[in-house]
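Two complexes are shown next, each including chain A; its partner changes from chain B in the first to chain C in the second.
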Partner chain A sequence: MRGTTAQQDLIRGIWRENPVLVQMLGLCPALAVTNSVENSLAMGIATFFVLCCSSVLVAALKRFIPHEVRISTYILIIATFVTVADMTLEAVRPDVHKALGAFIALIVVNCMILGRQEAFASKRPIGRALLDAAGTGTGFMIALVMMGGVREVLGAGTFLGVSIFGPSYEPWVVMILPPGGFLTLGIWLLGLSWWQKRRAGDGDAAPTDAIQGGGA
Partner chain B sequence: MSGAPPSGTSAPGTPPPGTGAPAAAPPVLEEPHVPAWRLFSTLGAGGALAGLLLVFVFQLTQPAIQAHKELMLQQAVNEVLGAPERYDTLYLVDGALTPELPDGVDERTLDRVYHGFAADGVPVGFAISASRPGFQDVIRLIFGYDAATGRLLGMRVLESKETPGLGDKIEKDAAFTGQFAGCEPPLVGVKGGAGSAPNEIDTITGATISSVTVLRAINDAVAHWRPALDAYAREHAR
Partner chain C sequence: MGDLLWIFVSAAVVNNFTLALFLGLCPFMGVSGRVATALRMGLANIFVLTITSLCAWALNTYVLEHAPYLRLISFIVVIASLVQITEMAIKKLSPALFDALGIFLPLITTNCAILGLAIFQTNRGYGLFEGLAFALGAGAGLTLALVLMASIRESSELADVPDMARGTSLVLIIAGSLSLAFMGFAGLLSST
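Moving on, here comes the complex of A and B:
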């Protein structure tokens, strides 16, 4: 972690330490709202916004936040931005807001965001915190769209609402139901780890320096 | 480090308040001496600022949110009444319908129906909203009802979280929603295209609970509103 360049801070979260596909963080929204590309994008954008704003604020205020109440303060900051995002989305895109339901409010407990505050923003300068948040937020969005794309194409026969296979396609409804989320995530993880092994030659893979975490 | 409560930035002498301290903290896990009032004031000030920000954003976004809700309602009323020329809002006050609000009563606390009129001033019917717990969550819907003939004019779901692909057909499948116009409550659900009587509705395969909830919500609402609607119609017939 120490001694990374600005570029590394930005790039890292997008793919090599992708929050969903590598760190396994933020799985709850990744499973729950990715039943269409539009919902995935909206969730990704809302999370991106909350993550960037919180990281900047936490990095800016880190000297004033006593160690004992840091987590409560981070949550307070995150919750504020989540509420802002919630109200803004309802005003701007009410239909998407309706589709995402309670999951916007649940960004507060997305441990990917709290994790970035505790592990990065609270120790680094503001600029770096913003880069890291932007990278991680983008990575989260990419992972969500990867899931949403597969699920919408198979489960509804459309991509971003545009029909792909024509009217004779019989949608796999299971893909847009909760089990489809687990299936899609599992298949993506399987494929990516297979690809990574193959790319690294015979098993001597350079270990990703990602922190393996768990949680919703 | 003993008696040093003075507000001081340097007083605690432990890592955080130091200087810029990029390389500070992590390994040192000794008890930092932070007075309780600082903890309280941090959270208190943070909460107050957050509250202020939210009030600000709320006031910015509220008009748009409210306008959208009204627009949706308007569209729904127009749809279930078959695009009437205009409609009035009637409030239920002491068991009777009245277009005027009594003094000092908050409009939002009153039950209401919408009374639609065709171009020549002929009343078309009432738009009534109803809700009932469905399979996942409460289903809210609105339907048009012609009190004179006792028939429905149309139905539209306003809010539902039913299973995508199955239960959500109650709002998306025109084959289901299209059946309501001309039906005569109390409605009865039947399976697979057997419905022919004016009170029979074909339920959706795989979404029986969602479909039946819609029927029951309408039946209950009709039973609930019927007396008031009849009284209103009698009064205005004279």
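Moving on, here comes the complex of A and C:
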């Protein structure tokens, strides 16, 4: 196994191996709940919490989990924390809980979380697993806010509920509806790959940096 | 009867699982390269969704009344194990069907459409037959979206797309246009 420093473990998930924008994991929530910045943040925080808690628990219990039933065990651990997050959000912010609907419960089947358990937390010490989870969770949150920001600004003319363009702005309603989610993510990916191509073309500094992850 | 038909149509086109609710995107992105594969994936989905609907109904009716906080955990465990058992049974009883569904069965167990169906069904308080109509409609909708996407991708294979748009971003933008088209079905809702 290649050695990585603690700092690399933390940083990696935030941008270079960003779960949504690079590895294409956890697309369902990234598209479904990002119609406003507030919803995106709530979803990001809930996922962050579930990812950190389950990574720590999986890393702590890795010696006791039989190899054959490891996936089911991970899913059980994740489902427990999702239930906690679901009920907490319902108690603290019932309006946001209502807006996110079933998608909080669907964090269970977010392949990003299961992926981190299988690829990282089940092999490393607790501290490293927590760092990795925090990095990946932050990366996920950044991607969600990038999506939510664009969609709320264009689709409602506001950012976090604060009006930006003034009352004369005619909102692009389609951006808050489902097609807007697909289009926004598609255009973000297009922009990012254009930017990477340009950077790789300018100097030969880091051509291997550009494409990472994928089936990892 | 009209109610059941309505649930079916609503799940299949108006609130299409993939294009309006964003459930089951992983197979939508992954196996939509060929029409034949997409069709088989869709069939496997219909199959698992139907089983899930039955399971969720049974759990809700007989078990979870007294322990609603166990809902998520029991859904995922029961669904995953039942699909596994079904897969073994099909392999034994009907190898031809197993060959057709093949590797797709285990793949879709962790598909968000499956758990999503169970949760939506519970939230809306569907009974046994309503749940089945919902599951069939959702499955038909998923299959429709998959096959449409696969046909578009097959015919756009030779198109001269700029290099950086190839792959996921092109698929997402096509999906966006499809989703836009499906929004037209929302008109069905207001006409009744």
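Please note the rule applied: the second predicted complex is superposed on the first by the 200 of 216 C-alpha atoms of A that agree within 3 Å, B and C clash if a C-alpha of one lies under 4 Å from a C-alpha of the other, contacts with A are read in each partner's own complex, and residues count from 1 in each chain.
Keep this in mind: a contact is a pair of C-beta atoms (placed from the backbone, for glycine too) under 8 Å apart; a residue touches a chain by one contact, two chains touch by 3 or more.
In this text, all values refer to a predicted model and were calculated from it rather than measured experimentally.
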**OP:** Scan A:35 for contacts with chain B and chain C and give back first, second, both or neither.
**Re:** first
**OP:** Using the touch definition from the top, say if A:164 reaches chain B (first), chain C (second), both or neither.
**Re:** neither
**OP:** With the two complexes superposed on chain A, say which partner A:105 touches: chain B (first), chain C (second), both, or neither.
**Re:** second
**OP:** Would you sort A:87 into first (chain B), second (chain C), both or neither based on which partner it touches?
**Re:** both
**OP:** With the two complexes superposed on chain A, say which partner A:177 touches: chain B (first), chain C (second), both, or neither.
**Re:** both
Subject >> Partner chain in contact with A:73 - chain B first, chain C second, else both or neither >> reply: first
Original post:
For A:193, is the partner it touches chain B (first), chain C (second), both, or none of the two (neither)?
Top reply: second
**OP:** State whether A:60 touches chain B only (first), chain C only (second), both chains, or neither.
**Re:** neither
Subject >> Intersection of the chain A residues that touch chain B with those that touch chain C >> reply: 72, 76, 79-80, 83, 87, 101, 177
**OP:** Would you mind writing out the residues of chain A in touch with chain C in their complex?
**Re:** 24, 27-28, 31-32, 72, 75-76, 79-80, 82-83, 86-87, 101-102, 105-106, 108-111, 114, 174, 177-183, 185-187, 189-190, 193-194, 197
**OP:** Name, in rising order, each residue of chain A that touches chain B in their complex.
**Re:** 35, 63-69, 72-73, 76-77, 79-80, 83-84, 87-88, 90-92, 94, 98, 101, 123, 125, 155-156, 171, 173, 176-177
**OP:** In the complex, go through chain B and note every residue touching chain A.
**Re:** 16-17, 22, 25-26, 32, 34, 38-39, 42-43, 46-47, 50, 53-54, 57-58, 60-62, 64-65, 68, 72, 159, 161, 163-166
Subject >> List of chain C residues in touch with chain A within their complex >> reply: 19-26, 29, 69, 71-73, 76-77, 80, 110-112, 114-116, 119-120, 123, 163-165, 168-173, 175-177, 179-180, 183
